[in-house]
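Quick one: the structure is below, questions incoming.
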Amino acid sequence: MSEYIVEMRHITKRFPGIIANNDVSIGIRKGEVYALLGENGAGKSTLMSMLFGMYEPDEGEILIDGKTVTFHSSTDAAACSIGMVHQHFKLVEPFTIAENIVLGVEPVEKRLGVLPWVNIRKANEQISELSKAYGLEVNPTDRIEDVPVSVRQRVEILKMLYRGAEIMIFDEPTAVLTPQEIDFLLQIIDNLRKDGKTIILITHKIAEIKRIADRCAILRQGRLIDVRDVAESSVQDLADLMVGRQVRFTQDKAAPNFRDPVLEVQNLTVRDEHKFEVVKDVSFTVHGGEIFAIAGVSGNGQEEIADAIAGLVKAASGKIILNGKDITGEPVRERCLTGLSYIPEDRNATGTIPDMTLQENLALREYYKEPFSKKGILQHDAFRRYADQLIETYDIRCAQGPDTVLRSMSGGNQQKAIVGREIEEQTSLIIFVQPTRGLDIGAIENIHRQILQERDRGAAILLISLELEEVMMLADTIGVLYRGEMLRIDSAENMTMQEVGRYMMGVREA
Amino acid sequence: MNKVFTDGLSFALPLLIMAVGALYSEKSGVTNLAIEGFQGVGAFFGALAATLLAPLMGNGNQMIIYIAILCAAVGGALFSCIHGLLCIRFRANQVISGVVINILSVALTAFFTSAANTAINGTASNKFVLDVSARFSIPLLSQIPWIGGLFTNMYPFEIIIIVLVIILWYLLNRTRFGMRLRACGENPQAVDAAGANVIRIRWAAVMISGALSGIGGICFAYSLIGNFSPSIYQGFGYLAIAAMIFGNWSIGPTTLACLVFGLAKSGGLQLCIAAGLPSNYTDLFLMLPYVLTLLLLVFFSKKNHPPKAAGEPWDKSKR
Amino acid sequence: MKKKNIFLARRLTGRYASLWVSVIAILLTIVTASILLLIMGKNPLTAFASFLQGCGFLAKENYGGGSGQLTDMLDFLNYLTPLILASLAFITAFKAGLFNIGISGQMLLAGFTATVLVGYNKALSPFIAKPLVLLIGLIVGGLTGVLVGYLKYRFNIHEVVSTIMINYIISYLTGFFINNYHVDMMTRNSKVCTPEARLTLTNVMIGDMKCKIPLGLIIAILIALLVSFLFRKTVLGFEIKAVGQNRRCSEYSGIRVSRTILISMGLSGAIAGLAGVAYYLGYTNTIIPKSLPSMGYDSISVALLGSGSPIGSIFAAAVVSVFQQGSNYMSSSLGVAKEIASLITGILLLFASCGNYMKYLAGRTMQQTSEIASQGSSRTAPASPESKEAKTK
């Protein structure tokens, strides 16, 4: 009998252009919480995807209970009692919770002895019982599209339990949760451990590892750096190992210097396509030199506020005033010219045109003005000159210079390009939505520094982030959004992280 | 009045089976504009079988029709593999693929019809003449005032289609296969993570849509035109897609939309005859279903919810 | 074999990748068509030669009185002219991410309107009639295109469905008017239009050969250059391309998407209208009622084969025209049904639509070869602590 329930030996996995895992070997004991620590792109998720059968390793072998196994699909992995909660939940939105849980292992019965059908009522009962047993209360007949993120995560955990998983992989499970929800989740993980399950936790948050994990493997650039007993390692040690250099945990932030109001949002209401009010009667003011952060759990109306200010969605009612001018009904371009720039959440869907070149993407705000075009005719050398300049200033790494197709660049460099393009406009209001999503620590530090620089220049900053640490670190003023309503707006000094977290869950009186 | 219902139904049902075909494909996440091509090629195979069998089994033998329908389904399914190959295997743009297949199908059937006719009877005719299908009325039901026409002078294929659609509804909404198929069109990653084979399900869905469209095509050939010729390509495949869009990708409302189309078409024609207009004016009334489609699309397109993953090729290795 | 793969892969990832895709598609089509012809017991070489002979690229064995290789060549150009225009129409909409399947209908409506308004008016001098025909083509086609664009952005109606519906509506509507008011009782087609209005000069004697001169060809080439200029050099072209590639980002960067869609559909329709008048008042000078020109669909093959390049589409149109226009002669000299021309075009389209996959495969092959080259270094990485731990157990 092997000491390890899971062993991965000399695993190497290549993707076009990168080596995601390079000769990684780990062993996990039964009944422990084993953490995989590393930055974005360190190869944690890839490694676990191989354990879960979603990819096959190019080299190396996987052993479960001391026996070599080869997984061609996640079905094979599930047959070895392995389950995984992915970072991006794998849920079918119009399906009910129960339907999602049984998908792939449906309870099929024969109606009248011949007609096969899926007995969903039986599944509902089973799931009710299972959810009670583990303290994961869900209503099996709710549709996924109607339930919040934390419930969706419970559904993913129930999926594993329903399949009788003994080895459970959690990929960045806390990224989308409030502090209170994180507490709840860690409690659940602890219960599962007591129940004899083996837990693998993929994360880049060291605090959580300290709270829950027994051992921790650190990955950097696809290689295994070290395996530590968590109890014997300090937070600073783990952080330095993860990044490969000394990490600074705080940004130097000068005292704010508020100037005149730049953006005034008055009683803004936004409706979605079903006429549902996703933003309800929201009012706030952002001054020059102020970072106003909107905190909230994903899907509570943050993106809609940003889009409404930028003009991408219509305001159902209310007023948006920028630099003293009512821009509520203005088209997007007019708003930009009035002094607005916007770093959107989704780099590829909104922020760039991935199949165009870097120089074209960098000129998206300027292409119609001189010197980029004269009398409707494009001036390609102006595009190139401008791109060269921004590549230099913002340290954008690109293989073919201004002619690089944007899609072929890394996420971090795409983000640099967007941030550079928007900051270069020198507008009085800059909206940042999730500006550091999916970036590594170096890039995050860089963007945080730029946000602070812009504030100190006198720009008004509207920061929308799901990362509560980011909000707490940067904001001068915090507004907490819950189901489209602004529950509280206050100076950042007057609120603790726990307090903000409670508002994020809709508790009005903290 | 009776004629309106009788003709309306015989137009609506082939349209419906094609719309359900399109629905299966789109629900699995493969946008399908190739219905027009599938139905034409399916009808070609059915008509070819009928032409070949007629001398063997005797003219007027009604069995031929059933064999023709079967052959149309098989032929449509086989031809739909091109769409599967392009969309699923080669990850081509699914709209382009649909258009390409429609163009190709017109050329293919025209070429092979004349080639087959040359081989069979030496004339390079571009049509297969089909026997007249027997028709029947359901006793009692056909006597009901007002709507009796729905049950009068029915083609046998109408019953086949009604039964098929009920089975297809059950398959899509109550069985494991249907559940996974619907999930594939919304979130293929979820299906893959749950251990089902997205590629295989999508192939099955595309081939089902090919088979169903083929059935629709041969039924049109029998009921509307009476032969197989290039006039099978009258845009019925697109009408079916439009019906599916009004039906919001759901079989019940789609059935309703098809009935509306069918009745509008037959109603318009009867109106023209009743008004005593010369036959030249029928062209104007033949235009009605298309005008109606456009108008209905104007009212219903905005709040529709197509399957989320439709049109996106599924690539397992994508991270 | 391996070496050849890399040879192709390098070309398919290089600068002229799109050109190579087209070349490969044409080669594959020729191979497929040859197999088809062999099965039918015909010699593919003779067949392809006769396609070329039918278009005046190769000399036929004998010619009738008053005709010669030049006659065939000019007939070929006469057919080519509307096809170039039609494919430019498709490209203009395609760059904005729109599939204009309605080119047939736009051609028919423009051709019909111009025929009725100008083609039957015997009083007009050619110098007024011909420009008027072009103008009507532009306006009628353009308005039809704008309607499709409007339905698209205002009511969210997919342009493929709406254009098909409009195609049939136009087909029945014009059919109704032709059958009732403008029919030629002998041919059952519409009455022919006047030579003054026709865009092709007929019965021009060059030497002893009676030839047709397609005036529209100059316009077609001019429009190709204009479309090329539009997308390479102008702000409008940049905006259309942006909308075609990422509608949401275009909106975000301040482009008025709905206006851009209207403009590109309008331009597309207008060029299709020109194609329509070049076809109905040039190539033919009559309209078959209730029949949509198959050229509207062939234009999609041309655009795909030319991989969306306006200049490339001139050459792609020539390839497709050889098959379409040469099929008559091929059919009569070899006894193969002339429908094979459409079949070959369809197969060509099939292969051309796999272009992206070809490029993807090529990209992967290149990646693999470069990785094999660099693997030596990554293998020698020092073993990490835990791998030692694992070995000792």
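Letters A, B and C mark the chains in the order given here, with residues in each chain numbered from 1 onward.
Everything that follows uses one rule, which is that contacts are C-beta pairs under 8 Å (C-beta built on N, C-alpha and C of every residue); 3 or more make two chains touch, one makes a residue touch a chain.
Everything quoted here is computed from the prediction, not taken from an experiment.
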Once you count every C-beta pair in contact for both, which comes out on top, A-B or A-C? A-C
Tell me, please, which chain's centre (mean of its C-alpha atoms) is farthest from the centre of chain B? A
For the pair chain B and chain C, the C-alpha centroid-to-centroid distance in angstrom is 28
Whole-angstrom distance, CA centroid of chain A to CA centroid of chain C, is 45
Contact set on chain C toward chain A in their complex: 233-236, 238, 241-242, 245-246, 248-256, 363-364, 367, 371, 378, 381, 383-387, 389-390, 393
Complex contact set, residues of chain A against chain B: 15, 46, 54-55, 73-75, 78, 84, 86, 88, 90-95, 99-100, 103-106, 108, 115-118, 273
Contacts from chain A onto chain C in the complex sit at residues 2-4, 7, 9-10, 14, 16-17, 19, 22-27, 217, 223-227, 310, 312, 331-333, 336, 342, 344, 349-356, 360, 364-365, 367-368, 373, 376-378
Which bits of chain B are touching chain A when the two form their complex? 170, 174-176, 179-180, 182-183, 186-187, 189-197, 303, 308, 316-317, 319
Chain C - residues contacting chain B, complex: 40, 99, 101, 151, 155-158, 160-162, 164-169, 172-173, 175-176, 179-180, 290, 294, 297-298, 300-301, 304, 337, 339-340, 342-343, 345-347, 349-350, 353-354, 356-357, 360
